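Think of it as A, B, C and D in the order they're written, each chain with its own count starting at 1.
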Amino acid sequence: MSNSDLMETIGRISGVNPRKCMKCGKCSGACPAYDEMEFHPHQFVSMVESGRIDELMNSRGIYTCLSCFACVERCPRSVEPAKLIEAVRCACLRRQGMDHMKPEHIPAILDEDLPQQAVTSAFRKYRK
Amino acid sequence: MTFSYFPGCTLKTKGKELDRCGRESAAALGFELQELAQWQCCGAVYPMARDEIATRLSSVRALAAARDEGRELVTLCSACHHVIKRVNGDMKKDPEIRDKVNRYLQLEKPYAGETNVLHYLEVLRDRVGFGEVAKKVTHPLTGRKIGAYYGCLLLRPSKELGFDDPENPRILEDFIRAIGAEPVVYGMRNECCGGYTTIENKDYAKKNVAKIMANAKACGAEALITACPLCMYNLKENSEDGLPVYYFTELLAEALGLKEADA
Amino acid sequence: MQRIGVFVCWCGSNIAATVDVEKVSEVLGHEPGVVFSTNYQYMCSQTGQDMIQSAIRDYKLTGVVICSCSPRMHETTFRRACEKAGLNPYLVEIANIREQCSWIHKDKAVGTEKAIILGRAAIAKVQLNRPLTAGESPVTKRALVIGGGIAGIQTALDIADAGFPVDIVEKKPTIGGKMTQLDKTFPTLDCAACILTPKMVEAAQNENIHIYSYSEVEAVKGFVGNFRVTIRKKARYVKEDVCTGCGLCTEKCPQKKVPNEFNLGLDTRRAIYIPFAQAVPKVATIDADYCRMLKEGKCGVCSKVCTAGAIDYKQKDELIEEAYGAIVVATGYNPIKLDKFDEFAYSQSPDVVSSLEFERLMNAAGPTGGVLLRPSDHTHPKTLVFVQCVGSRCDSEEKGKPYCSKICCMYTAKHAMLCREKYPDTEVYVFYIDVRTPGKNFDEFYRRAVEEYGVHYIKGMVGKVVPENGKLKVQASDLLDNRQLHIDADMVVLAAAIEPDESARPLATMLTASMDTNNFFTEAHPKLRPVESPTAGIFLSGACQGPKDIPETVAQAGAAASKAIGLLCKDHLTCNPCVAEPDELMCNGCSSCEKVCPYGAITYADKEFRGPNRTTLIRRVAQVNPAVCQGCGACTVACPSGAMDLKGFSNKQIMAEVDAICR
Amino acid sequence: MQVNGEFQPTIVAFCCNWCSYAGADLSGTNRLQYPANVKIIRIPCSCRLNPLFILRAFQRGADGVILCGCHPGDCHYTTGNYYARRRMTLLFSMLDYLGIEKERTRVEWVSAAEGGKFAATMNDFVAAVTKLGPNRRLEDLRCSKD
């Protein structure tokens, strides 16, 4: 997919208009996963706007975003950065062989108390 | 008062206590949770991408089933509540998603968000009333200092969930008061515990949990309650010397005197 | 039979180059009703005007059509010329053959043909013109200022100085407004009270000014020059003219637990109180919500200690009616409530305060006597975090405001600077999105805060504040360093957005003044008429029109005063004669016109009409107040029976123009 | 109207006194050309336009009618253009019902500063109406010369 197609896809499936962003950085101030991401929520917004999507797709941050919606809740401009991060993650996972987690990994992770919910959500987040 | 009930995958397995105590307390409080005849896992995370249709279907099946029964749909698990309520919102407000889902499901009667989705706590607050709950309490948890742990899924995004004030919620605090205990308000109660990342990166989840625990302890909490099995797991497993954590329904059952009964 | 004169102007070559003026005057001369037609090089010149005037006399003209430049240019000139020759000025019509013909067409044949059609349309219209006389209405030489903050006080002082009586209506027990609560003012750091209180006293002592404190506007009737206003003087249970303001009652009152609004609830006052030492009028007021005597009929301590005998538990609200020629709105602003921004823990920790609360905590007359102490434990804070744009520049309607509140950047710089100046042991952080300092000496002031006082300005925003172990754990972003900051602060100060006072909207409805979606009053023109409301006779002063700092407020207050004075100077107002006029025989009193009138110019009266067979019947019919009607014509179209028409632009006149053009 | 065998539409433009009429003047001041088919009638406000005037124009042989007013929110009389907008919406749906092509009528907001927009709008409108050809449907043929 060309970069402009990627931008279009991300805009469409996220429903986010990055131009609404006023670059206040509240999303990154609110983010509990900040230190686990090399690109931070506010950067996702500006990098999607400027078309630097490949870099985002290759970043670890798309798998460490907790989808806790703190950025969505607190954004004064209703930009919803979490939806952008999700859209970049989807664009990545939907490519052949890009699954971030495979079923064969699971047995090693499982412990006595791990709820099904954790596995289900991880699969939803990490593979297509 | 009878509600359709969506237990969700975890409440049938690792989170049995949340479910069992919830149902028993419901009976004691005078309402019934009628489990949907057929339900499938909601998927545990809400599909934010607008073109994800398949991942919305199981929620819509549950919603349509509740509609056909003519009842409100109650969930206990925070994640199920989050997913089903938001998918319901999509079905109500997003014509494109609604149309695609309905074409896919071929229901007898297309679904358009008619069902009202309630969390068990909302039932306690809005249908039963915490005042009534307090009246039914036989074994008040007097003197116990309990911190409510909301996490993220119950509250946010508040525009869609409309559950409580997302930054200074009080529904669990009111609940704690209703069962005779003393609520401890602490700032981290609506911050994320690390969620599903515990599968991949335990240390990361531990860091989040440590902050929450430290804050709850510093504010004087002696135990935490939650409505989410994943939060429960994270708070318990990923904390070295953390506070005890309970499902809120466990304490509800205790306060209603249901604990000895089955002991 | 009409006798119409047509005058075609060449405008040098402006018109004559692309319009054959000879042909135009020739052809138009044959139009029905036209008895005289000519052309001349410059119709607007003295010679041209003389030509028109002598034609009016010589040919006994009953209507004049001038084919020339835009009526926006010289309509008044030609009307005046005709009036001098004894023709009613509203019997003149202009055909715009310059801006809308000669200047936009290159082909002379095309231009000439169009000019003829435009001339015909004007002739068709003037056939139906009726002489109109502009009415006059007298002006009541008294002004009302609603709101007694710095804006209202300044406006009142300026109007009073010009010699006109002014009344100030203030809903609080004292005038002074928000400025009384401020400590220092930017960018000069002079003490707010020191510059404001003399003005309050001046207002009280000025014999042209009457202050209705603890009063509200209840109803407004009338129109420019002739407003009739009902003022509700709320019962304060103290005789204003008897109370000496000694304050003994406020010391003896046993009800001590009333939150003190002057200090924003940071301390308490008594049930009988004087808001602050320099209050004007310095008169006690009983808070009926807390007074035991008023609630339960027991107590009466204040009455016993009052040697002047000023206490009157039986006092009732009083309604006062007064007439005014001009009304100035100065209802000001309030900081927004912060309960929807609890990520900053405002309702979870007393050490998270709004900027206005911080102002009180720094003020010598404030709850801490001017020593900066944390509200929670009265200790001296070491680390302070200021958060800007709390609730300003928000996208979502329910949570914040879409606009920039304008004053926050500067007062935050002031707070940070004062903090560092008084307490050099403090660390002060300011989180900003943009620093906006477009005012005289403003940017210099902000730079001083950074460079001389060492305030840490951080581009970024606070995302979460968590109270823990007596500290406030602040999590924020530093966008320029691209990192997340974690600061253990002792106090967090929130620069809350400001919004118009809640009394503004109901007041706007009473005044039929327009408002924007944020409840700020709209000005008549955003550039050229910034202190007037579109409703004649209503003027805007201060932050009720938009966020403003003190210098801007005072400047606007003076401007509003001068506009009001300009109005009050006149003995009579000339009205626009092109106003709506109902045909009473056709009107069925349905109120459709009244509903669309933006000025409230239409009322209804029951009138007696003669029916068939010598019967009479009383019908409700519309009446237009020509002094209020601005002549927009909305009512003429809304009227289902076609009873309403607009003078000067009547249905028949416009239809005649249409017919002439489509002929 | 036919000139040299070419159809020349008759266009009536109603312009509000405060914004659009001034905008038309400005396009003249700037010498911005637009076809001579357009004849402007000045009204105090767009809300003065009675839908009857438009019907009358069509009846008397106009091929297109355009209403120009202040931009929403900028009305000299505060709300007049909102009334105009609503009335025109209703009228247009009625004209549509009668089979009058919707390109024959138009509402445009032109401020006093938009001389360029005024000229461009008129050029565009005249071209659109020219393309449609003469208006026969509403014309009162009793008034017709031929």
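FYI, a contact is a pair of C-beta atoms (placed from the backbone, for glycine too) under 8 Å apart; a residue touches a chain by one contact, two chains touch by 3 or more.
In this text the structure is predicted, and so the values were computed from the model without any measurement.
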Between B-C and C-D, the pair joined by more C-beta contacts: C-D
Computed distance of Cα centres, subunit D from subunit C, in Å: 35
Cα-centroid distance, subunit B relative to subunit D, in whole angstrom: 61
Chain centre separation in whole Å, for subunit C relative to subunit B (CA means): 50
Centre-to-centre distance between subunit B and subunit A (centres being mean Cα positions), rounded to whole Å: 24
Interface hub residues of subunit B, defined as touching at least two other chains: 167, 191
Touching two or more other chains - residue numbers and ranges from subunit D: none
Shared interface positions of subunit A, touching two or more other chains: 70, 73
Interchain contacts, given as pairs of chains that touch: A-B, A-C, B-C, C-D
Residue ranges of subunit C touching subunit D (in the complex, touch as defined): 70-72, 96, 98-101, 103-106, 110-111, 113-114, 117-118, 121, 514, 522, 534, 578, 596, 598, 630-634, 636-638, 646, 649, 651, 654-655, 657-659, 661-663
Partner subunit C, residues of subunit B touching it in the complex: 159, 165, 167-168, 185-188, 191, 214-215, 218-219
Subunit B partner contacts - residues on subunit A that touch it in the complex: 12-15, 32-33, 36, 63-64, 66-70, 72-73, 80, 82-83, 86-87, 90, 101, 109, 111, 113-122, 124-126
In the complex, subunit D residues that touch subunit C: 10, 12, 21-22, 24-29, 31-34, 36, 39-45, 47-53, 56-57, 60-62, 76-80, 83, 87, 119
Complex contact set, residues of subunit C against subunit B: 339-343, 345, 347-348, 396, 464-469, 473
